[in-house]
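Chain naming follows the written order as A, B, C, D, E, F and G, and within any one chain the residues start at number 1.
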Amino acid sequence: MPVSLLISLLFIFGAALVAPSLCRLFKDKGGCLLSLAPFAAFGLLLSQSGAIAAGESIRYHIEWFSSLGCAFSLRLDGLALLMGLLVTGIGGLIVLYASGYMHGHPRLGRFYLYLLSFMGAMLGLVLSDNLIVLFVFWELTSITSYLLIGFNHEEKISRWKALMALLTTGLGAMAMLAGFLIIGQVSGSYELSEINGMGDLLQGSPFYTAMVLLVLGGAFTKSAQVPFHFWLPNAMAAPTPVSAYLHSATMVKAGVFLLARLNPSLGGMPLWENTLAIFGSVTLLLAVVLGLFQKDLKAILAYTTLGVLGLLTMLLGIGTEYAIKAMVGFLLGHALYKAALFMVAGSVDHETGTRDVTLLRGLRRLMPITAMAGGLAALSMSGLPPFFGFIGKELIYKAGVKLGGLELYFLVAAFVGNFLMMALALKAGIGPFFGKENNDALPKKPHEAPVTMWIGPVLLGVIGLVLGLLPFLVTDSIVAPAIGSILGGAIPEIKLALWHGFNLPLLLSVFTVAGGFGLFMLRGKFWAVADPVRAAIRPWGAEAMYERIFNGTIWLSKAQTRCLQTGRLHDYVFMIVAVTVGFLIWAIVNYGGLQFEMDWAQFDPIKVGLVLIMIVATIVAVTASAYMTVLVALGTVGFGVALIFVYYGAPDLAITQLLVETLTVVLFMFVILRLPPLKSMSSMATKIRDAILASTFGGLMTLLVLKAVNIQFDHAISEKLAAMSYPEAKGKNVVNVILVDFRALDTLGEIVVVAAAALGIAALVATGFKKKKGAAS
Amino acid sequence: MKYFILGHAGRILFPALIILSLIVLYRGHNLPGGGFIGGLMAATAYILVGLGSTMQAAKAKLRVDPVTLLAVGLAIAIISGLPGMLGGDPFLTGEWLPTFYLPLLGAVHLGTPLIFDVGVYLVVIGFTLHTTFFLSELAESDTEEGTD
Amino acid sequence: MEPLIALLIGVLFAAGIYSLLRRSIVKLVIGVVLISQGANLLVFTSGGLLAGRPALVEAGATVLEAPFGDPLPQAMVLTAIVIGFGLTAFLLALVCRAHEAVGDDDINAFDNTDT
Amino acid sequence: MGIAFAVSSIFLLAALFLAMRRILAGPSAFDRVVALDLIGGVCLCLIVMFAIYFGQGVLLDSAFAIALVSFLGTVAFARYLGRKERS
Amino acid sequence: MSEYALLLPILIPLIGVVLLLLGARSLAVQRAGGVLFSSLTFAASLYLLFAVDQADYLVMQMGAWEAPFGISLVADRFSAVMVAVSSFMGAAVGIYALSEIDEARLKKFFFPLYLVLIFGVNGAFLTGDLFNLYVWFEVMLIASFVLMSMGGEKGELEGGLKYVCLNLLSSVMFLAGAGIIYGKTGTLNMADIGQQLMLAENADWALSSSMLLLVSFGLKAGMFPFFFWLPASYHTPPSAVSAVFAGLLTKVGVYALFRSYTLIFMPLFPEVQNILLWLAILTMVTGVLGAASHFDMRRILSFHIVSQIGYMVLGLAFMTPLALAAAIFYLVHHIIVKTNLFLVSGVVIRMKGSCDLAKVGGLCNSAPWLAALFFIPAFSLGGIPPLSGFWAKFALVKSGVEIHAWWAVTFALLVGVLTLYSMTKIWAEAFWKKQPEDVDTTPAKPVGPLVFMVAPIVVLSISTVVIGFFGEPLFEFSERAAAQLLDPQSYISAVLPQPAEVSP
Amino acid sequence: MSIVVAVLMILGSFFAFVAALGVNRMPDFYMRMHAATKAGAFGAALMLSAAALHFGSLRAVITALAIIVFFYLTTPVAAQTIAEAAYRKGEKLWPKSGRDQLAEDEATQSTKLR
Amino acid sequence: MMRILAFLEFILFYVKEIFVSNIRVAYDVLTPTHQMTPAIIALDVSTYTDSQISMMANFITMTPGTLGLTVSEDHNKLYIHAMYLDDSPEVVAEQLLNDYGKRVKRVL
């Protein structure tokens, strides 16, 4: 039923919206109630699995910003079902877990609001069938995870790390959006189900490289591939339930999910395959090696997540059917055990007050159930039979041994990655519970976690075991359809089993286990050098690079502000006028030329004399240092302008000009004692520079005027106005008729201007001037 | 600090300038003049009075608050635009009374554009005087009150 | 046309801009006054100049005999002059007030709101 | 008549230049104000001359405006220049 | 009769001005009148919007003098939507001002001047006459000058002086440009000018005057490299004033640029397209970089006005139907969001006595509702889906991709990330961080109840969300408006009684 | 008639010129005032008479006369105001000047200037 | 009636004085040397009304060689700047009051 997709989304977003009030009403019980929503969504999705397994897909579609080519379309296919089940299933357990973990937290309601919004965004992301809708949810996961990572926001470090995650993924998202837009433009659609059938069209497009690289920008940042991996370990700043969720089933998987989604349309080309495989493998190796040097329980897990993401990406890049099978198997297995391990780590942290693995050991007696859950998960992660993790790893090796030539490198990478990961798994899931008790060194006296906190990990651990033993439970219903979606064809026949007989993959598994266990025993050696090693690597790491770019941007910002926003009006005016001069010169030289007509007969002596006097007066007005000289000069200019008006037949203008000019001077006189003495403050060089610019501008205006009146236009409008003036508007003074009739609206605006100016002047004066030096008080 | 002769001249010129400003206002439609020029002239009359004695005296002579002048002037300008709208014409459409003849004035056209100009006249007076009164406060607080 | 007026317009603009580029805040007012004069003259000139022919219908006549000075730019300039008057007066009060509030007449000292 | 305009123009222009010279030379603010007042007077003469030259009686109205403003301006200058400054 | 719809958004505020000036004494009258008339204007603007959407164009010839002899008031969809949105802001901020504007400002005629501002803005959007546009600009400017500086505080005056000087410079350039255009065409009617330039064999001469107008409008719009006045001044007056400036004033400049290059100078557009494109890009980049190092909420927001203007002008520079529609949508979105953010900053000041991020903190815990109200506009500005800003940016970038304007697209997207950074900075500092203990956060005595300040914020935030979820009708409207902009001939036919036939 | 107009015009501009020359040639401020005030107003009056004669219409005559009257009413007021202001600000008399009774009165009888 | 006659006589006298005054100024300005003996003198106007003082001051200002300066606070003295002080100040003052004062009193 298509609408069930929407309903499942609404369940979760609805729960998010009511979370704050629910938590206020029911305190911690609110969490248990809220977990019903994801579980309901889980059930709803699971109920569709029959149809999916039968090779159908379910599509829900409503119009949404259709003029932008967008539509709100959701689609449930194999991949979406797998991811959706993980998102809601693990999500439900996390909500439950959080109710114990966050017990009594004053902002529990807000926490659930964020967490459930995040969950809804993630579910929407995996269900979207439209690139734009996918992007919408993608960004929603970014912003909600920002809120979650920064949940302990009183601490500066939390805010910083949340920002780091947001900016890194946000930057990638922008690239991805551009990629989507190009895909949309090339294919003419944003509907994934349509785009997936257009692989040839897209791959033949000249923009193929651009769209792949841009989309990878989004996927790699989100899924923390090298060199964008740094944000993920830092995202540990979030409360542990969030980490558990983010790392196992959601956020970080979004990138891999996107790659898998677009694999049918963009995949198959060397660019796609090589980039994915190489970046994936490097991420894998880097992550596991760095993981060895971690002492924080959550950090160790985070690095393994990184490794897994690399591995998944690499497998996708290899792209063979085996590789995809391996990828899906591994993805499922990882989701199960990683969520469990994080929850266990959270419980340990919660109960002991520390996550330092050098302190944690021998907890199995005090926290038996948690220890069991951790053990199950760790064993699954280690890839030991009969856990589901083993199946995943076997699939990887099976895919790997099919490779040849240089590509064998990927097998080596997978092998190395796997045994290191096993060591890390043991460190995180086994180490804290075995060995000699060390309870006195712990900040808190540990005891077993409450039921809400162990039910999730235990359940997930058990599922890992059950699926390992009985893989057919998911093979046809969930795994195979997912593989089909990624490959973009029919649902393949697959068989998952623990035992495939003695073969090379089994041999590799044995070596993996041996190597992993060996390294686990040597863990103390790595911890001993952990701090110096991390300190040595840091300056060349990607995080340092991020900081450099960040600080560089701030520096650039400051430098720009220093250069542009100097606070000196002089600079602003100079810049504006200089640019105007540039534009004008460009316009005049390129379009219209410099030619104009000059009528020398116009230079009769009286005009020359008048203009000369006005020019002198203007210069005096600008350069004089005594107010009276300036005002007198301004008055002279004003008289001169009035004379020009009279000469050219504009008596109204002349009178207005005279009155206005004089009143301006009168107003000046009122405040003259308030004004500072006119003094010259600029250096001579500045003055010369300013004079050159000002003269250039003035010269251009002269030129424009000369050119403007070069071609005589026809005075049709003025003539009509003059003709209408008396017969129709009953006035003989055409200028006045224009002012009060033809263009009375101008005049109306103008009197509003002067009215407002009067109010403004009064307002300024009324703010209370001090009495001046003349005042005796 | 009063200027004896200036004060005297202000008092004598005041009525002449006001009457002149009204003439200029009225004839503006046909000859140079109009609301602006008339308004500025009327304001000049008050300013002269103020210069001759104090701006307080000019303010007293004006009686109304300049802000009221601004408001009334704007109101008149707006109202002058409305009659046309009653007849379905656009805003600010000129509506004229039938032409009639008066001794001395000859043919008289009375219409809304003239009323509009009256609005302009009042606003300009209001603006000029409001500004003058406030700015001159600065000048006078420097000296008169200050020096005593 | 009138090259002399064009020259004068240029000088007024140049002087106005030069004044706006000065640091003494009072010079800003002077600059605005001058530059407005320039702009007004420019608009006035743009209509094409005709000496001694005001756009007034002769007494007794009903239509204006061509040629006459273009009345439309005259009306524009009149509007611009009055607007300029209001703005200049306001600027003057503002400069005065700002001088007192900031306690400096160097516009470069008015940089606290920028940086 | 043409000669009359020419002679008048020369006189008036010379007057303007002389007044301008006084503005430049000063020495006191009062000298400059007087020079400006004089420029007003000369401009009035010029306007009247233009009016006669173009045969446009309406231009005389502008002459009235000059008379008014040159008075107002001078008086305002005087009024505020004459203020005593006490320290 | 629906032509009268053109008049109401201008006439109502003006009548308000008159009545409030007459009722000067009573502060209650001032407050009630301010809200009443700004709300009535909003109602009238909605009427106009619907009337225009019905009729395509509304034209009214002032004084019944037919175009191009008298002044035309013209509304196409672009004008109408601008009037509607700005009147919406006018009404919202009017209510907000009840609780923010103190008695001293009320006595100095805050509300009449506020109505003058609305009068000017609406007039600028509705006029079809170049010189009349100049007058409206001046109305707007003087009102904004006074509103900005009326408090007489040092900061207001410092910023205000630069604001005034540079805007006067802009006005002068406008006047000069308009004068030259008149000199060449003999007309002031924008449709008539456009028609003449289209008919002219060679319109190259107009390029220089178009440059003068470009500088003038660019300055008013706050474009690079003319924006300096904006970050220097917008953060200084009370938030109600900043908000309405931030929302409206620069947009009038943007509007004028659009009108210029889609009607008046349409034939010149190819010559200036690259200039507009690079100015837009530089505007986006310099604006956002300017904000990056600032640490005061309103200063940051001021720089973002600049940056966002770049996006809108980018739409003009692309000049495709989608790009123009995107730009119009962007304008609407941005007016609402930016006004709202400044309003929020005012509430922050009311609570904490400052919006300097170094002094403010802890709001997420002490006022979670405010956090939510900030979150919506801030992250809408940052382009987070599905808020309005996302669709605006998306549509714009899409249009850029369609014409392969890669540089513009790249910068538009990068600037988006930096915008997000600025918003998170405010979020992290003002809302997340603990209240710093060693600073004095005694807020000023409130003027009125908080509800008047919060209610407009709530309404604007809801608008942002609604546009985000159900913005399709608005976008379709924008598309229709853009189609009109790209068809100047029909504008000309609507305005001029006897338009000449111009072959496209 | 036009001869008279021409003569009046020339005379008018001549006196304007004389005023300007006086403003430049006279040795102290007060004497410059003498020249500017008297000759300036006289020149304008002559010019206006020329115009009145030239146009001959009633309107022109009234206008010219009104301006002359106004000029002769205002010029002395302006002149005295500025001279008084200048004196108060201590504008120096020409060294060759004779007595200054105002200064004497101020000193001896403490005639206070307002 | 007498007033009007007096007024007309006054106008004629004024016009005559103006002509004389201007010829004198023109002469002084145009001739090369300055042959003046300027001074500031006081006129006793204690018997005059304010209007009469004001009118006389204007009158004196526009006529040859004299320029009104100020009026004492008690309105008893009118100070003028005279360019040609041929006699003692008292004599000149007497002369001026005789020439102008009488006429002013008759008109107003």
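In the analysis below, a residue touches a chain if its C-beta (ideal position, glycine included) is under 8 Å from a C-beta of that chain, and two chains touch if they have at least 3 such contacts.
If you're wondering where the values come from, they're calculated on a predicted model, not measured in any experiment.
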_Chain hops separating subunit E from subunit B, counting only touching neighbours_ = 1
_Any chain that touches subunit F and subunit D_ = B
*Sort out for me whether F-G or B-C is joined by the greater number of C-beta contact pairs.*
F-G
_Distance between the centres, which are taken as Cα means, of subunit F and subunit B, whole angstrom_ = 30
*Roughly how far is subunit C from subunit G, going centre to centre by Cα mean, in whole Å?*
43
*State, to the nearest whole Å, the distance from the C-alpha centre of subunit A to the C-alpha centre of subunit F.*
79
_Centre-to-centre distance between subunit B and subunit A (centres being mean Cα positions), rounded to whole Å_ = 62
*For subunit D, write out the residues touching at least two other chains, lowest number first.*
9, 16-17, 33, 35, 50, 54-56, 58-59, 61-62, 65, 68-70, 72, 75-84, 86
*What are the residues of subunit F that contact at least two other chains?*
14, 19, 21, 33, 41, 73-77, 80-81, 84-85, 114
*What residues in subunit G touch two or more of the other chains?*
57-58, 68, 70
_Going by the touch rule stated at the top, which chains touch which?_
A-B, A-C, A-D, A-E, B-C, B-D, B-E, B-F, B-G, C-D, C-E, D-F, F-G
_Complex contacts: residues of subunit C adjacent to subunit A_ = 1-30, 33-34, 37-38, 40-42, 44-59, 61-64, 66, 68-72, 74-79, 81-90, 92-97, 99-100, 105-108, 110-115
*subunit C-facing residues of subunit E, complex*: 131, 134-135, 138, 141-142, 145-146, 149, 152-155, 157-162, 164-165, 168-169, 171-172, 175-176, 178-180, 182-183, 188, 228, 231-233, 235-236
*Going by the contact rule at the top, pick out the subunit G residues touching subunit B in the complex.*
50-51, 53-54, 57-58, 68, 70-71, 75
*Which of the residues in subunit F come into contact with subunit B in the complex?*
73-74, 76-77, 80-81, 84-85, 114
*asked:* Which stretch or stretches of subunit D touch subunit F in the complex?
replied: 1, 3-5, 7-9, 11-12, 14-19, 21-22, 28, 30-31, 33-35, 37-38, 41-42, 44-45, 48-49, 51-52, 55, 57, 60-61, 63-64, 67-68, 70-71, 74-75, 77-79, 81-82, 84
